[in-house]
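Take a look at this one; I'll ask things after.
Order of writing sets the labels: A, B, C, D, E and F. Residues in every chain begin at 1.
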Amino acid sequence: MPVSPLPRHIVTEAVTRAFAEDQGGRGDITSLACIPANSEEKFYFKAREAGVICGLEPAVEAVWQMDPDALISLQVKDGGTVKAGEVLFGVNGQARALLSAERIALNFLGRMSGIATFTRRHVDAVAGTGAKIVHTRKTTPGLRAFELQAVQAGGGALHRYGLDDAILIKDNHVAVCGGVAAAVAAAKAHAGHMTRVAVEIDRLDQLAEAVEAGAENVLLDNFSLDDLKAAVAEAKGRVTLEASGGVNLDTVRAIAETGIDVISVGALTHSAPNFDVGLDEA
Amino acid sequence: MPVSPLPRHIVTEAVTRAFAEDQGGRGDITSLACIPANSEEKFYFKAREAGVICGLEPAVEAVWQMDPDALISLQVKDGGTVKAGEVLFGVNGQARALLSAERIALNFLGRMSGIATFTRRHVDAVAGTGAKIVHTRKTTPGLRAFELQAVQAGGGALHRYGLDDAILIKDNHVAVCGGVAAAVAAAKAHAGHMTRVAVEIDRLDQLAEAVEAGAENVLLDNFSLDDLKAAVAEAKGRVTLEASGGVNLDTVRAIAETGIDVISVGALTHSAPNFDVGLDEA
Amino acid sequence: MPVSPLPRHIVTEAVTRAFAEDQGGRGDITSLACIPANSEEKFYFKAREAGVICGLEPAVEAVWQMDPDALISLQVKDGGTVKAGEVLFGVNGQARALLSAERIALNFLGRMSGIATFTRRHVDAVAGTGAKIVHTRKTTPGLRAFELQAVQAGGGALHRYGLDDAILIKDNHVAVCGGVAAAVAAAKAHAGHMTRVAVEIDRLDQLAEAVEAGAENVLLDNFSLDDLKAAVAEAKGRVTLEASGGVNLDTVRAIAETGIDVISVGALTHSAPNFDVGLDEA
Amino acid sequence: MPVSPLPRHIVTEAVTRAFAEDQGGRGDITSLACIPANSEEKFYFKAREAGVICGLEPAVEAVWQMDPDALISLQVKDGGTVKAGEVLFGVNGQARALLSAERIALNFLGRMSGIATFTRRHVDAVAGTGAKIVHTRKTTPGLRAFELQAVQAGGGALHRYGLDDAILIKDNHVAVCGGVAAAVAAAKAHAGHMTRVAVEIDRLDQLAEAVEAGAENVLLDNFSLDDLKAAVAEAKGRVTLEASGGVNLDTVRAIAETGIDVISVGALTHSAPNFDVGLDEA
Amino acid sequence: MPVSPLPRHIVTEAVTRAFAEDQGGRGDITSLACIPANSEEKFYFKAREAGVICGLEPAVEAVWQMDPDALISLQVKDGGTVKAGEVLFGVNGQARALLSAERIALNFLGRMSGIATFTRRHVDAVAGTGAKIVHTRKTTPGLRAFELQAVQAGGGALHRYGLDDAILIKDNHVAVCGGVAAAVAAAKAHAGHMTRVAVEIDRLDQLAEAVEAGAENVLLDNFSLDDLKAAVAEAKGRVTLEASGGVNLDTVRAIAETGIDVISVGALTHSAPNFDVGLDEA
Amino acid sequence: MPVSPLPRHIVTEAVTRAFAEDQGGRGDITSLACIPANSEEKFYFKAREAGVICGLEPAVEAVWQMDPDALISLQVKDGGTVKAGEVLFGVNGQARALLSAERIALNFLGRMSGIATFTRRHVDAVAGTGAKIVHTRKTTPGLRAFELQAVQAGGGALHRYGLDDAILIKDNHVAVCGGVAAAVAAAKAHAGHMTRVAVEIDRLDQLAEAVEAGAENVLLDNFSLDDLKAAVAEAKGRVTLEASGGVNLDTVRAIAETGIDVISVGALTHSAPNFDVGLDEA
């Protein structure tokens, strides 16, 4: 699946903010002291391990914010796979600027490729089952757009982006609202014709109530494999079923094999190991 | 060691940014649909595992941005330890507001407590050796202040914050500059009297050159344990020695026992597992 | 239907921006010159015509940004109806501050109540038909959240908020993509499980293709009344049908009576007459 | 009269803000799903009715923010008139980018050309009388610069921009200050030598007091035609006279024929009908 | 003359910006290390020399941004005069917060009181002549509102705030436009009825041309005292005359005695000596 | 010593902010009225006195923000010296744009070259003594990065940038903390290995205590020349000694000759006279 480019202003602002915190008011005083102003160099951003790459947009933005004339030769696209040692892109420009941009570019690449690679492992684990791997809202504050792009780069699919683009009734809503049916009814009365209504349940016997009330998606939270299977059988395709809770690389295949439609994995964004990338001189 | 409070505007802006990406232009449409406007509830933020807590400042800010009149009863401080099931804080206020704030508060708490807890494991591992555990600049773009506070909360010490507050000459600088001595000399000529000069070396034989040239700190990158010991012996306390590269919970104790002063660990901020926190109804 | 409150930071920022453009660097030089600093007054914001009120959130914010201690007594809620001469709210505070806030508060109230009132006229016109009146994306740049709240206040329902929260395939997409079926297929492959897929068609014979391809909503653009009826008959409730184009207060009832589900009206936000509100001294 | 270009940062920021609200964190998911990344198209922005064009600056900025390499061929200038069906500009570039920019560009063009066209109708209505048509501060919050440019494009003249660039004493100021003479005196004592002092009166007998006190402009609020004529006769050109209140296309000519200098019309910005523009494929 | 309060958002933003550059991401590490968290102190902001005070708004804002509960007792108002050693205000609050706020508060007070005091010396120097002392646009980038308030505090009057609130035709405009008369005519055709038109001339023989063309203010740049007197005689009060160029405390009295209306002094804002203020423990 | 370039976003934002306050919502109405849109001109920015130049980065940014295609020919670098009448740079572009940018460019150049020139006079005054001239934190709020660059341009050295990049214990900290030794001990326990610890003392007998406690820098506040000499003798190079208080061009040489390492001068940034620059037509 192709990876969607990020809205431009989001990339620009996040990279500017990253430089603001890294450069303070005096900039990269080490490079200023040690590198002549007119020195030009060629560097390579290289993967130090195998994986799925993401983060090229902010990485390139970081280079160009420091040296607008730097020449960049991309060797891979977001969503592409690399082996250890493979070059992501080469960059030719002012040495000072490139060394100042290095860490910012690497920080975006490391986090986003880490998420992409970790997502891919989940996607591969459910291959052939028809289940989609999706993210949650457990993202890093301020970086959601980047992290969801990384999930896509790894073959994951999109959940709702935030609180405002779909209705997902959770256990606390059900409790305050007085039951699944009441909550779904309230939601459907409020939802526009372009907005889906999902409801989280934690017991199999709530499924019929949810379907009856008109929920379009039902999230089965922390269900046993047997209960997931029973839910799939009962739903008969009338609603989209999502499993969540206790999902990891050891359990995801069995969950997928229950016939569930979607598996949401918080760890994709909150606990993906960093992907190791580095900068080498040519 | 006490944890330093964050500059206020950094907390305010990061939390506002987190809400902006989570709430779009319509806000929490689920809570708006399902929860009566005047409903008041009491919730508890609870640890779901044992660890070191950090992130209370942005978590409380998130609650107050949604409900300025919410009553909050803190049960722990940043840097404090909790057991699984322990309450971090209780909050009493408008149900809609609290449910809208929940995920933002949890995202800060999960990431920051994760870093604090992971740091503490490293600090505990070197207990008694005199070595300090410090962070690197491998932080999440836009959240450095939060992540370094979390390192402090876990007992870690501070490295330079960014490129502008200390000089750290790395291998690429040495290469462009023409050697360790030349680079250190250039740095010292440029550095103000309040700025420290550190240099990274990757071979033991560069240590003398670095000390001679007047470096105040020397970073020994990817040194073997034997070379670390040799460096400690040779330096005789004239410079602060920092080890980096290949540090993890399996190796950190042995590294610390070489007598090194400081051990920097990128994984503290780029690969700390998320800490599991949740919201329960009273 | 209750009106959803706006995300707080959106109100704060829009009102601050409005003051920034109105006050420049010297503020309200007339009030500074003519009104003593310690003068306190009571004013009433009053409707000068009958209608549906919206915009109380930014209006109150405007007053409080100028005088944080002003006492406000609200006489109506967003979405409430008033007669000509009725008081929206009274405000008691510093005369200088209130006169400086007056125009900003009125500008929000006038535009938002105008939209609410104009929407209500459309909603009333289709009363009893089951058709919902919805907005489009033809909103004032930077004020979409406010204008959609006003549509809700008038009894209208929500369409997608922006380009990212639902898929709506328009004629130009169909053209580039090579047909309705191809476009819907591409959309469904890309859409997440929480995202609806709608497609715009301009000929009745495209409806079967759209339904077949799995569109959940079909937008019938500029259809005759006969074609709308035919589409309703053909769709048999399998998809949500939306009519658009050529909708105004003269035509909307007939369109609704075709049995269509949703009628989208660009004029709600781009051409609603301003609602007349004013400030009177007590 | 030539139309003044807008300060650049105002255009950039307003267009970025418009995209932020329209694109959220995922961008234009319809175009991403349906349009190939490398697809290039040519589109025309066309007037669907006759009128005066304004908004080309933000429209072009919108296109270029999405596709910096798009080729644009302008066929008209801000302030120029077009017939129904006439092309405003053609644009050749990436299909995805152009479709994502379409609505933002149209929203600016529709509102600003609407104001320009509506202003021109007022200006034409007073042709030959010497009266100038001017705007008020009843503008859309955050868009004043755009709307006043549109008034200029329609042949209108500028009033004060905001509260800080000229003194305009209104009825509430007069009331608090204790009379027209006292208020004008206070204003003149405070005003700098580059700032004009205007005062609003609502009875003919206040005119002499205003002129005597040294007001440079007098605003006659809701005067009858007879009283306007009497005021013109009495003022004998010593002050600039402005009429306001109850001005519309039916009444404006008669008001102008009283010999008044300036007529301010709130409806120019708060109630101008939208101008119909669209995007067509080549 | 009373000093106008600053628009609130300008104060808030400038103080936040000042803290952002002073506190980086770690805050005041000295106070964090040396001062207990619960330590409360009382400090006094004291003048170390005699002068006119300005800057209390941002100084108080700085204190409250650090400690919202600090108690402040103001002993003087903006525009008030103090003797050396006199207290401006006392503040009682958290010691850490107050020490962190100290320098920001002092930097505003020092610059703004410096300008106020320096302005007062010019105003006193022309006492009794009727000439007004005004500022220019030679202000510190980003701080114009603060510096013009300080000029007012010192008894100076306001010139135009910026390029957009009055027309001031300078020598380069005259040169490009082809003469004083042509430039004034162009300006008057473009200016609204609330905007003044001023023109700068550098030779006495241009005065008649300027008056004839309808300029309301004429700026006499670098005129000799004799030429100033001649200009006053010739103008006969038909235009406001402003002198500029070569104005300092040695020359300003003589210039004022020529009968000129206004004297603009760039040095008020670009070269005022800092006013010495300090913080003392109680 | 070469002058460090400023972080790009700092320049961009400060110049944008300067234009925002100068241009309001209508821009440069004088140039719009008087200068034809297509008029091209060549201007020179010229020094009107001799001195050290700084501020070329924001000055060029100002020109390019107004006319991105303007051709600029730099004749001098930041830190270079010029004679009266010498050209800093020529600029060829749209006349309107250049006249609109003029004052913003000049305001940066005047302030920054003023600081550079004033710093150079202090640096020259201590030539041959080995003492470094450094700035303080008494900078203009929001412009610290610019002013410290100017100090460097004049040959001055850098102190800490802000509160977060070095520890400087001042008299109030010592008082609250209970003495020099206690304060230094607290600081050293908190400081990271890359952060220097300095302490201010005001009596010679505190020096031994400071050195003993491990301070790396000692600031001698308002010491007599004799006490400075005694301190130098006592310190024997074990700590860096900084003198402050009562430093001006009359006293700085004698202070430097005591053997002190560093002399900090608040006046460099808070009281440097403006440098006179202007714009001339070619």
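Please note the rule applied: a contact is a pair of C-beta atoms (placed from the backbone, for glycine too) under 8 Å apart; a residue touches a chain by one contact, two chains touch by 3 or more.
This one's a predicted model, so the numbers in the text were calculated from it and none came from an experiment.
Colleague: Applying the touch definition from the top, give me the chains sitting in contact with each of chain D and chain F.
Modeller: A, B, C, E
Colleague: Please indicate which chain is farthest from chain E, where distance is taken between mean Cα coordinates of the chains.
Modeller: Looking at centroid distances, A is the chain farthest away.
Colleague: Shared interface numbers for chain B and chain F above half of all numbers used, same, or below, different?
Modeller: Because over half of the interface numbers appear in both copies, chain F and chain B meet with the same residues.
Colleague: On a CA-centroid basis, which chain has its centre farthest from chain B's?
Modeller: D
Colleague: Matching residue numbers in more than half of the contact pairs is the bar here; say which of C-D, A-E or A-F clears it relative to D-F.
Modeller: Matching pair: A-F.
Colleague: Using the average of all C-alpha atoms in each chain as its centre, how far is it in Å between chain B and chain E?
Modeller: From the centre of chain B to the centre of chain E is 44 Å.
Colleague: In whole angstrom, how far does the Cα centroid of chain D sit from the Cα centroid of chain E?
Modeller: Distance between chain centres: 32 Å.
Colleague: From the mean C-alpha coordinate of chain B to that of chain D, what's the distance rounded to whole Å?
Modeller: Distance between chain centres: 51 Å.
Colleague: Identify all positions of chain B at which a residue touches two or more other chains, and write them in rising order.
Modeller: 21, 23-27, 29, 32, 144-145, 158, 161-162, 164-165, 168, 189-191, 195, in rising order.
Colleague: Under the touch definition given earlier, write down the residues of chain A that touch chain D in their complex.
Modeller: The touching residues are 2, 4-10, 144-145, 148, 158, 161-162, 165.
Colleague: In the complex of these two chains, what residues of chain B are touching chain D?
Modeller: For chain B paired with chain D, touching residues are 21, 24-25.
Colleague: What part of chain D is in contact with chain A in the complex they form?
Modeller: So the residues of chain D in touch with chain A come to 16, 19-20, 23-27, 29, 32, 37, 65-66.
Colleague: Within the complex, which stretch of chain E touches chain D?
Modeller: Checking each residue of chain E against chain D gives 1, 132, 134, 157-161, 164-166, 168, 189-196, 198, 217, 240, 242, 261-262.
Colleague: Chain C touches which residues of chain D in the complex?
Modeller: 14-15, 17-18, 21-36, 39, 41, 43, 58, 95, 99-100, 102-104, 106-108, 110-111, 114, 137-145, 161-165, 167-170, 172-173, 175-177, 183, 186-187, 189-191, 195, 266-267, 270-271, 273-274, 279, 281
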